Amino acid sequence: MFIAKVTGSVVATQKVGSMTGHKLLVVEPYRLEDKKRASMVSTGRTFIAVDTLGSGEGDYVLVCQGSSARLTPETKELPIDAVVIGIVDSVHIEKRNVYDRNGS
Amino acid sequence: MFIAKVTGSVVATQKVGSMTGHKLLVVEPYRLEDKKRASMVSTGRTFIAVDTLGSGEGDYVLVCQGSSARLTPETKELPIDAVVIGIVDSVHIEKRNVYDRNGS
Amino acid sequence: MFIAKVTGSVVATQKVGSMTGHKLLVVEPYRLEDKKRASMVSTGRTFIAVDTLGSGEGDYVLVCQGSSARLTPETKELPIDAVVIGIVDSVHIEKRNVYDRNGS
Amino acid sequence: MFIAKVTGSVVATQKVGSMTGHKLLVVEPYRLEDKKRASMVSTGRTFIAVDTLGSGEGDYVLVCQGSSARLTPETKELPIDAVVIGIVDSVHIEKRNVYDRNGS
Amino acid sequence: MFIAKVTGSVVATQKVGSMTGHKLLVVEPYRLEDKKRASMVSTGRTFIAVDTLGSGEGDYVLVCQGSSARLTPETKELPIDAVVIGIVDSVHIEKRNVYDRNGS
């Protein structure tokens, strides 16, 4: 999995029938900043993931890719390759809090 | 999934039998431009995806990769790893419309 | 899928038993040249794919990766992650013929 | 699989139900330093993997990705794409010990 | 699949039970050198693959990734994402022998 920041959403009216009603989020994968190792920074990539947890813009989320994206109760049998499996509260690296949802 | 622009198509007469009749699109993955964060730009990569929705050149589409590409009604059991699952109407990032099908 | 040029082949005498008799091609993924957008160029990567269509050196082919590589009649149950699913006749991008098997 | 150093952990209270109770580690993939080829160095990437072996910060672990991440007794049917399958004791490359858990 | 050079091995005592007894090789993916196109060179990446063929340090091997890594008789149901499926005797590219196990 990777940590990503939710930065937006996608609207698609014409789609595969089974995708109706599923929220499509724009998520940008984050990585540890590698000089000071004290914060998370964007990788510059842009992915789209299905969300079933109610996460919103600004949230950091855990994204699962591949066939396992179909292993949540709401996404079985969907033609998707990425799903949000958790909303991140905090990330601890080498005893440091590099991200905290309630202000770091 | 990723957002891609449909920029062309591929013709292949000699192919695996089950692929007969499936439209093969050239799609170029797009990402958020990372300075102004106000538009989508090409990643410079080129993929081929099966389309079942009637999308055409110039459309922005959602592409699903991997085994899940086989989870649409028309692509079950096909030897494919990428399928168009939606035609994008609009992409909203940080309250901004970074793409709108009807002119941005 | 991606478009690749067949540039060679691999010989491996010691192999998993089920792989006996399967042709192993060296394929180099191609992408659209991004300045003039009028030709295909190598990505500089080198992959090995199983071929069941009789493609040969110099051909441009469509390569399917991942579990779907097992979804052709000849590759079921094989320990492979890439297979040729079509021999490319032509690639059209933005109304231009960027590749034609019979001379462009 | 790849070798990664465990450098932290993630807390996520809101998550897919089946993920409750599973430890989420921050792992950074390592590769062989390519000049002297005598040590492992970070690739600069950041992944999240499920751990079932009790590995902790500072450990080097083997990470399996994709659908096979669900093939351990504790991770069957989970929506995950990465799992720790071993804690590395040592890595030998070209007769040299490039990593040893008990001090190199 | 990709061609890789076997350059080492990994020892991991604490591991998922089903992994006991499986040899873990360090493999470095190789690609065609792209100026002269007459030899194979390292991509600088480091992977770990299960070997069931008895390949050893210095050998060039074919590595299969993803779920298909479980499709050899010895690796069924293992939590692995990479397996050696063949030991390379020779690689021919554009009529040239770019690798030969018995000296090139």
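We call the chains A, B, C, D and E, going by the order they appear; numbering starts again at 1 in every chain.
Just so we're on the same page, a residue touches a chain if its C-beta (ideal position, glycine included) is under 8 Å from a C-beta of that chain, and two chains touch if they have at least 3 such contacts.
If you want to know which protein each chain is, UniProt gives these names: A, B, C, D, E = Carbon dioxide concentrating mechanism protein CcmL.
Only a predicted model underlies this, so the values are computations on that prediction, with no experimental measurement involved.
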Both-way neighbours, i.e. chains that touch subunit D and touch subunit C | E
Intercentroid distance (Cα basis), subunit C paired with subunit B, Å | 20
Inter-centroid spacing, subunit E versus subunit A (mean Cα positions, whole Å) = 32
Would you please write down the residue numbers of subunit E that are in contact with two or more other chains?
-> 66-67, 69-70
Quick one: ring order starting at subunit D, direction subunit E?
-> D, E, C, B, A
Residue numbers on subunit B that touch subunit A, as the complex places them = 1-3, 30-32, 34, 40, 52-55, 62, 64-73, 75, 83, 85-95, 98
Which of the residues in subunit B end up touching subunit C in this complex?
-> 7-19, 24, 26, 28, 42, 44-49, 57, 66-67, 69-70, 77-82
